[in-house]
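First subunit A sits with subunit B, and in the next complex the same chain sits with subunit C.
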Partner chain A sequence: MPVVTFPHMGKMELPVKTFLREMDISVIPPPQSSQKTLKKGKEYAPEFACLPFKINLGNYMEAAELGADSILMGGGFGPCRFGFYGELQKYLLQEAGYEMEMYILEKNIFHIKDIIKELSGNFSLTKMTRSFHFTWSKIKVMDKLTEKLYNLRGQVVNKEKVENDYNKLLKKLDEAETYREIDLIEQEIDNFLQIDNAVEKKLTIALVGEIYTVLEPFTNIDLARKLNYLDVSVYQTLTLSHWLKNFFTPGSGQKKLVNKAAGYINSFVGGHGLNSISDIYSLKDKVDGVVHIMPFTCMPEIVARAIIPEVIENENIPVLSLIFDEHTAEAGVKTRLEAFIDLIKYNKAR
Partner chain B sequence: MKKTIGFPRALFYYDFYEHWQAFFEKEDFEVLVSPPTNQKIVNRSLKISENELCFPCKIYLGHVDAIINEVDYLFIPRFIDFGPKKCFCPKFMGLPDIIKSTFAGKIAQNNVEMITPTIKGKRNIYQKMRELKEITSDLKMNNFSTLKNIAKQKNISLSNKEITQSKQVQKGKVIGVIGHSYILDDPHLSMNLLKQIKNKNFQYYRPAMFSDQIIIKYQKLDRKIPFWYYHRKYFSVLLYWLEKDLIDGLILVSSFGCGPDSLVNKMIKIEKEKYDNVPLLELYFDEHTAEAGINTRLAAFFDLVEGGDRFASSNISTYG
Partner chain C sequence: MDCYLGIDLGSVSTDLALLDSDYNLREKIYLRTAGDPINVIKKGISDLKNKINSDFEIKGIGTTGSGRKLAGVIVGADLIKNEITAHAVAAAFKMPEVRTVFEIGGQDSKIIIIRNGVAIDFAMNTVCAAGTGSFLDQQASRLGIAIEDFGKKALKADQPVEIAGRCSVFAESDMIHKQQLGYSQENILAGLCNALVRNYMNNLARGKKLAAPYVFQGGVAANQGIRKSFQEEVGEEVFVPENYDVMGAIGAAILAANSVNDNNLTTKFKGFSMLDVDYKSAGFNCDACANNCEIINIFADGDLMARWGGKCSRWQF
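Our next item is the complex of A and B:
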């Protein structure tokens, strides 16, 4: 029986683990991404590859040391480099002396079915559909939970309590085995996380950019948490469910996004470059400022970054664009965030 | 008076210029191509462009800047793909938008209009007609008569130079050069790389010498080959060279910050490892590249190729 592992992306561990467990596939998730992971990955990755590539490679290596021998990885044929990750990583792992089988999930439900069938000892189509549906309901609750956390933590004085509640619920969700349990957790979200001591003036910042950097706290040095601790609520348009929806139905909703971008960008440019611009434009009245984040050399976001100055000038919305790579230091990010928030507050008070 | 169409001498200019020029001149427009890249353009482009863009893209902005005051139209097509699994880099996709936001002031001031046909889909007559229609409507030309004229001239093709026969001259040592045309064909950007190879009496092969048909040969392999149009071709061409033993040395030319190159070059290197007797030189070009550094490395590489089997099993470090 193959022992399957997968790369981390934020909280993706939870639904993937659920799905694979439901399908009777033994799974070993890699340890949480850390500096050690990155160090391992960048030793073998090409120098100019983007940050997610290096972290993913480190993830596989750490999982292999725990006993995993197969990898599930997403694929694709878009202009973003992500589609080529798996193929190259396969060769790099060989070079590094790890014997692992790479399964690349292309954006085709039949292809995915074949792979799951190969991995699972006990496969049936109904079972797969059922597991998929169950996992999907978990993802939706998880996204709701995270959204609530990012919104609330910026508004309350006792931030640790909210965090504890969140972690408790997340653990419950991980262990949930029936739809009923998931429903109960969904109800609890409203009761558990409540505002007790609200902060006086509330600011909201939208977090847009490349999806991996947005979702993975290790890459963005826990940006959402840092903003929350500055008494700012964070609004995020990119979620895991959004990414998965796009993964299975590529190209859906593009026209809508182009319309939302109001002529600043007139085409899909791969990844989430189009999303970044259309989000900045469409949220300009709803939020007080936008933080745009991307890994170093990310191609779609570079296009967005080249257009952002024009949007800022015409629409009068503050945008902070940050680039993350393996050399990013926590203090540098923190200082810039604080200055950015101060500027927004000053502008509002004027 | 004839209206002027501006054509920046960068990026896709080197692959696709000839046919478009023929088309515009037939339709009674004047085509103004920006001057060859020089230090002035480079300095200007570094000033105006977003600093994360790759070097060739920055140069493109410099070329636009050089001609924007003298033209009525700017011709900046949006390259999406040449059919499935042959897409272009996101920067090609977003190029018109980047130009529009970078030069917003100048475009409004000089009343410049942008012609941005979307190049998408397989290179068949329907797609080409659709692209022509977009161009003609942007130019406010009489659609019907133009299209009818074009339909009459069957030989006009708005894709790249179509090479049907691969040129193969075997004389002396041959160096395979893999790199984008917009770097290799720009003497300022590539520090005269191709000329230096010629001066040393080496032959060189480059992907542009081989027909696109070569992609078809390798796309049925039991592996995923790169899905960017340029890189798909480079990779297929490389496999062909290595398989047929056509080259005695390989130079990988890339620009700093090129996304697809960063992964595909690694793949090429892995593939080349299987053939021990081909020395490899990897060159990166950007605004800080110094000619002396390139020349030293090239000289060492040429010695290696000439020396033949003596040094065959080792690569030159590309890190100086």
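Our next item is the complex of A and C:
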């Protein structure tokens, strides 16, 4: 029976594991993405491929060492190169001497069903529907939990306590086997850690940009945590549930996004370029500033970045664009974040 | 007399600025960091001690630059501030109506857009050497001229050559080509100034709304040729403040003074006795996870006084 692995993207590991186990598919998640992962991946990846490509390639290699022999990877279409990544990675793995089967999930539910059927030792359509449903309820709670963490950790003095509570609940969610347990966790989120020791002034920054960089702390050197530790709450519209919804129903919500972008951008430019602009515009009165992030060579976000100066000028919303690549340059990112927060504070005080 | 000290611990230079309570500059010290930040801070403080008499009393101290945290724990800073904010504050203090700040240092460059005395947008280049002082340093030494004469010579150009400014490697080969064709050194130097400014504009100013008055500061502002290229590029006067080379330190001193005075604090400055303390740093690689973070410990006379470098809170001090 195949032993399945998958690329990391933030906390996606939790629902993917849940779903595959529900489907009686044996699964070995790759070790947490690290410098070692990246080092492995970039050895075989093309120089100009974006950071997610290299990390994911490293993910497969590290999982192979633990015994995985099959990969589930997303496919797709559109101006972003992501749709081609699975195919290219398959080829590169072969070249590097890894004998792994690559299953690319195209955006078509029947096609996905066929793949799951092939992998599962015990498949039925009812079972798959039930597993989807159960996994989905976990994803929703997981997103809620992360939203709470990003919001709360920026407002309290004792940040470690919030982190500990978050990790405990996340572990519980990972282990939950019934809807009842998931419901209980959801209730716990609502009253987990009341703010008893709040920071002086509350600031909120929205995090927008390319979805992998937004969701994966390893690529953005844990930007949300860094901002939280500078006493800033973080808000983001891009979540795993958002991404999955989009994956299964491509093009949905497109019109709404174009409307929300208020004429600054009128069409889908691939990836989340449209989302970035529409988020900046529609959140301008709800947040104090926006940090816009992308991996180096990300075409959709370069389009967004070209539009941002006009939005800053007209709408009076501070936006900071950051590009991430193999180099960490953590000190430089910190300097910019601190300066950006000063900029927001000074402008508010004026 | 009450005074306030700002220290800008950069990768290339370390600057100190001592201001009186009206924020007039009383002393300035400019040192090469030379890869030895701890000792260069001590050297700076000791030079300062020799320059001032006992009438001067340091009431507040601020640090900035990429080594701001290290400088801060060693001297006992009241305020540790990033260099973008420090430069913006200093520029707006020297020229309240400023709207655009160009800053070029040894290893990085910044642009800061200011409206009504407050920064509203900025960009910083830390990746491309073609837009920084080290590029000029390198080319000056290649042509065998002192960096101090660079600007003066460039001003004498009658027909600056075209040099590709996108990348320092391309620029260099382009320069060699022009040199072999027989162009004068003056025209090549002026061409280099234009190339650097073009690179700066492409990297940092792209999409930003530039508006006069312009201020040009940082070590490279000493170069008259670069200033002239900036003026031609924006078509306006570009002002270089008197103490352009220590503006970051001035900003840090002003911010420290504000912070101490607004909150009625006494300074945390350790005093000149810190010169007798033996500061040491030692690092190790944490092996708790695959990130293998490099953790740095800072010791004062053998006692651990600060620690950083971890991605998580495991080694939080």
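Going forward, the second predicted complex is superposed on the first by the 350 of 350 C-alpha atoms of A that agree within 3 Å, B and C clash if a C-alpha of one lies under 4 Å from a C-alpha of the other, contacts with A are read in each partner's own complex, and residues count from 1 in each chain.
The rule is short, and it goes like this: a residue touches a chain if its C-beta (ideal position, glycine included) is under 8 Å from a C-beta of that chain, and two chains touch if they have at least 3 such contacts.
Owing to the predicted nature of the structure, the values given are computational and were not obtained by experimental measurement.
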#### Entry: Superposed partners subunit B and subunit C on subunit A - clash or fit
fit
### Message
Rounded to the nearest 10 degrees, how wide is the angle at the Cα centre of subunit A between the Cα centres of subunit B and subunit C?
### Response
80
### Message
Quick one: is A:E101 in contact with subunit B, with subunit C, with both, or with neither? Answer first, second, both or neither.
### Response
neither
### Message
Under the stated touch criterion, which partner chain does A:P79 make contact with: subunit B (first), subunit C (second), both, or neither?
### Response
first
### Message
Which partner chains sit in contact with A:N266 here, subunit B, subunit C, both or neither? Use first/second/both/neither.
### Response
first
### Message
On the A-aligned overlay, A:E177 touches which partner chain: subunit B = first, subunit C = second, or both, or neither?
### Response
neither
### Query
Regarding the shared-chain residue A:T37, is it in contact with subunit B (first), subunit C (second), both, or neither?
second
### Partner touching more residues of subunit A, whether subunit B or subunit C
B
### Task
For A:E118, decide between first (touching subunit B), second (touching subunit C), both and neither.
neither
### Task
May I ask you to decide whether A:D342 touches subunit B, subunit C, both, or neither, giving the answer as first, second, both or neither?
second
### Query
Touching A:A306 in the superposition: subunit B (first), subunit C (second), both, neither?
both
## Note on the structure
In the overlay, subunit B and subunit C get no closer at Cα level (Å) than 5
### Task
Could you list which residues of subunit A make contact with subunit B in one structure and with subunit C in the other?
306, 309-310
## Note on the structure
Listed in rising order, subunit A residues that touch subunit B in their complex are 46-50, 53, 75, 77-81, 83-88, 91-92, 95, 104, 264-271, 273, 297-300, 302-303, 305-307, 309-311, 323
#### Entry: Residues of subunit C touching subunit A in the complex
66, 81-85, 108, 116, 118-122, 124, 126-127, 207-209, 289-292, 311, 313
### Task
Could you pull out which subunit A residues touch subunit C in their complex?
31-32, 34-37, 160, 163, 221-222, 306, 308-310, 312-313, 318, 327, 329, 331-332, 334-336, 338-340, 342-343, 346-347, 350
### Query
Which residues of subunit B touch subunit A in the complex?
49-50, 52-53, 78, 80, 84-85, 87-91, 93-94, 96-98, 100-102, 104, 116, 118, 223-224, 226-228, 256-267, 270
